[in-house]
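Each of the two complexes below includes chain A, the first together with chain B, the second together with chain C.
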Partner chain A sequence: MKDTFRQSMKWFHTWVGLVVGWVLFFMFITGSAGYFYKEITHYMEPERPLINHQLSNSELLDKAQQYMSIHASDVQEWDVFLPSRRDTNLQVGWRHAPKEGESRGKYIKQVLDANTGQQVITRATGGGRSLYRMHYSLHYLETRLSYWIVGFCTMLMLLAVITGVVIHKKIFSDFFTFRAKKGLPGWLDSHNVLSVIALPFHFMITYSGLLFFPFIYMALSVSIQTNEPELNELMDEVYPSSAEVTPANIPAKMQSLSSLYEQTKTIWSDDKLELVEIYAANDINAHIRFSRSVTDITYNPSDEIVFNGVTGERISEPERQYTVSAMIHNGFISLHEGQFSVTIVRWLYFFTGLIGAAMIASGLVLWTTKRKPQQMKKPNGPDFGYRLVEQLNIGTIVGLPIAIASYFYGNRLLPIEMANRAEWEIHLLFISWALLLTYPAYRPKAKAWSEQLHLAAAIFIFMPVLNALTTDKHLGITLSHGDWLYAGFDLTMLAIGLTFAFAGFKFNKSQRNKTSQSKSAKTQRSNIKTTVDNELVLNKENSGAL
Partner chain B sequence: MSSLLDKINFTKPRWQVFSRVLAAVFGGYALATAASLFIAQLLIYIIEKNQAIHISIMLTFLIYAGTAIWVFSVTSARQAWVGLLKFNVILLASTWLLMQFTDVTS
Partner chain C sequence: MLLLICLSFSAMALFCLAMEKHRQQVTDKALPQFLSQFFKPLAWLLLVITFYISGKLYGWSIGPAVFFGALTAALLPLILLLTYRAKVVPIVAIVLPLVTCANFILG
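Right, the complex of A and B next:
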């Protein structure tokens, strides 16, 4: 491409990053939020009661079973979600039998009030899950198409990561040279530091991202090598699952969940419990699985105990078996999703995700900063391409966070009875983003940056206030009740808002410096000119005298 | 007519870049697929077939990335296309050869 390998790679890195940078930024931001999708849902359903009971798991199980035998009596698959660190309310779920043309039936999940054992009516919301789903299935597009687009962007991200390493001869010494200057060197160093500081994460998250749908992406190769039954066998090996239970369609009375739980307590010799799954409920084949810790590949077979629901006998299920390749594959997926992580690791994931987003953002800004001096000299103003990149930068880097805040605002402000409410929350996100993408086209760019930064600051800082105005759970209440999920969300919004406020302040300051600098440069230049003129006059006079 | 041809002069840099993009996307995909077939055939000697296919699929993404980088590092687009063609043929031929020694039909 260019004269030397490194120069070619520099060119390649620049363009690969630019082409899909904004989509990648979107994926990194929504993905980072996804590490807290349960906590976000908790916040977006403010009707959930604060925890003020001391009920034991057995009592909760009785209430859940009673509720479901009334409200889901015709359903065969039941789940009970016990209160956990990430989800403090008792919840039940069940899957209806598939309707015609469906491969799986509809899944219903409800929050129960632990004291009354009755359903808590929560507002219709997409919650954290809808936000997280955008990370890999975008939103308005057909799922299969989205997977291809996301895969393509991820591939370019992988290329950007690899070429980014290649073009840096001295990657570690570069890491330690941070020139906190304004302008090009400052942006270049920020980009380098953000990239190197989390390089293993960037590589892992990108490569494992491709491993989510490898059999879709490499369908040609797979179809050459396998036929239909062989492929099914391969899929069972790649994604091992527990055996399915089919109902015998002979009704039978199940034992109470709490009495079976007494048995698990003695086996485990502790009272941890996270999930109870019931298959073929109230059937002679009923299976009940108790899990004390639900994760992913890191699961421990001894964390699960299965009973026959009618006789109460313990059933020894075969453990999920992973082949070596499935272990590697699922290992990468587990690392990507981070389901296994405890709170502090989850925060680490969140912050490294944001570092990734900041890396992309600084790269995009670098592109314009580098071209700015040359573009400003053009007689007809900057090129269309340059202006477009700058507009997309402002509209995405600052606009997207505001749009996500609008999603939360929609959750609080849209009428509760509204039809398609959950869908409108998401429409609101994309409408705000579209507006913020358009706005910079009609403003001087420095003004647009400054205004959107300040808007972002205001909208995030105001979130806890809005929450206090629209719900009965303001920070004072949630903090004193120790509801850290709810309070944590408000505090995080506040922290993000303050960060934007700081960025806005710094930005305005640097703009002021720039204008005063260019002014003083002008006066200096005119001073020099007058001295030179004076000297010339003097010389002339001298030569005349001679 | 000649002016139109002048306008879309295929030796212009932008056409060269376009050609390379096509080479990286489609030529790269073909090469990644061929490489996965080859790796799977190689691995069948030491590991069970399903796992061989599985590992080869996981590795293709790295091969795809390497190919795309290579396409943009050679001096001309023509060289990239010729190289892709060559490697595709070599990989497919070796896969076919390997298949002659294994009983595994695929």
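Right, the complex of A and C next:
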């Protein structure tokens, strides 16, 4: 054990961070992408029509209702998703009655062409949803097992955040300190700065992440201390369920959605209708719920308006009863997901998520940078552990973004008719990641960094070009049409690519400086001594700070 | 939102200028003592105002969350500017909030 409290915390922080760092990096990157999962799905289904600025919600609602009364007449649950800033297409969905042995029926979701009111056939794709689901279900693993792994890593992350605050000696006086130096001080400062500026986010996202599956993580305490009825009571308290609408099986004609929508307009001052849910459709018991984009982190009952679908009367008592614990739980969940965010706040969430990923990455690099001088002196070269960490760093920090880009490439390049197409997009992601993880083992590390950075730059910058080659919606068209959702994706890819290109350029430059320095040092032996001395002094200074 | 980010930027810049070592980064001139001792309280005041505006704009449920987001968004450029272009920090800290405030009031 280490001597002082702070030293043992430091030891703990270092090893906890190292052990789960790569998984956390994966979770932060795919989770940050998840803030735009709808936008990503939109891009990955390029058959969808471009944004239509002209049609009003009333017209769209009638078209959707007409479509579903033809194509889903035997189904009782209908949903209408109105075009929003996040998803500019009209969509409908319905749930079939469960077959034998199923607890819930199959859910069908279709994109409608707002002009014709007919279905748009889109390619099979995992979309943004598969990408964001990965950050807690880890894709290939069995769900419950991955929840446990994710929970374990999250718990350690929470500990790393707390111990990080403890060991950061001068959190206030070094609040703004960022020394752009090479090597240890530079990495230490970047790690500190990235951690401190987004500390509220890091803490919130980790803590609320743990609250997603409380009944799994607290399984022992919950099942030992409570019996089943008590457990059910507890569940009901945390997850309020809506009152169920049962059809009376007496057919009746429903009011038109647009006429009910007119009523909602008199109740809501702002028109931000997002979703219309219909229960017991075309039945005498029909209920229709209009929901606007949420205006509260916990739960605001006035974000929903429910009507009797046949008489058109408003049902004023709230459908869901939220207890205090349910409100708090819901509040944390919605803080984590940022459901309430308008576009610019969503971007903030995305960037802060990336700051989190960068914090983890800088911590991992810091681990190797600190050990490098010592490892390089070893007669048989660096230890296996050190080499493994360096390899995993390259393969994850730069490799994972490339792998995610290959997921998008798969979406554009795999044959449309291919069987299991959506699954293969994801296989492509993991195959490329596996390749990029092994690649650095066979290359000098500096070369591997540089090559993968340049590969990342190329693959992201080429994405808009590939989109132009494989679809009819290139930047020229989407921009001039004002479809910022579609164009935004291409532009973001371009920006990420340029960032990687810049990083690659900087990295090569620093490498060149290093070699030229060592060359000149060879000719002037005296210089070596001074640099070594300087290094020693620096290391001494920083061994205290680290 | 931009207004919140710009106001947080100025508040944090004031905090930063309240510290001797960062003041030296930003300007070579020695500021009179009586002036610099106002920086910290002023920064707190500005932060409280920003928090209040955030609550007013986004409601008291969403507002505080947005406030912390804006703070993070302001800090990253501030720290980068301090390292690479320290001299422009005071100018940016004065001009940005003025422009966004004007834009907010007029628009």
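Things worth noting here:
Here, the second predicted complex is superposed on the first by the 505 of 546 C-alpha atoms of A that agree within 3 Å, B and C clash if a C-alpha of one lies under 4 Å from a C-alpha of the other, contacts with A are read in each partner's own complex, and residues count from 1 in each chain.
By our rule, contacts are C-beta pairs under 8 Å (C-beta built on N, C-alpha and C of every residue); 3 or more make two chains touch, one makes a residue touch a chain.
The model shown is predicted, which means the values in this text are computed figures rather than measured ones.
With chain A as the common reference, chain B sits beside chain C without any clash.
In the superposition on chain A, contact of A:Thr515 is made with neither chain B nor chain C.
When the two structures are aligned on the shared chain, A:Ala198 is found in touch with chain C, with no touch to chain B.
By the document's definition of touching, of the two partners only chain B reaches A:Phe215; chain C does not. When the two complexes are overlaid on their common chain A, residue A:Ser325 makes contact with chain B while staying clear of chain C. Of the two partner chains placed by superposition, only chain B is touched by A:Glu233; chain C is not. Touch criterion met: A:Leu159 reaches chain B, while chain C stays clear of it. Once the two complexes are overlaid on the shared chain, A:Thr352 sits against chain C while remaining clear of chain B. Counting the residues of chain A that each partner touches, chain B and chain C differ, and the larger count belongs to B. When the two structures are aligned on the shared chain, A:Thr295 is found in touch with chain C, with no touch to chain B. Nearest C-alpha atoms belonging to chain B and chain C sit 20 Å apart in the superposition, given in whole angstrom.
Within the complex formed with chain C, the chain A residues making contact are 173, 175-176, 178-180, 193, 197-198, 200-201, 295-298, 300, 335, 340, 342, 344-345, 348-349, 351-352, 355. Per the touch definition, chain C reaches chain A in the complex via residues 1-2, 12, 15-16, 19, 22, 59, 61-62, 65-66, 68-73, 75-76, 78-80, 82-84.
Chain B contributes residues 20, 29, 32-33, 36-37, 40, 47-48, 50-51, 53-58, 60-62, 64-65, 68-69, 72-75, 106 to its touches with chain A in the complex.
Of all residues in chain A, only 1, 5, 8-9, 11-12, 155, 158-159, 162-163, 166, 207, 210-211, 214-215, 217-218, 220-222, 224-226, 230, 233-234, 237-238, 323-326, 328-329 touch chain B in the complex they form.
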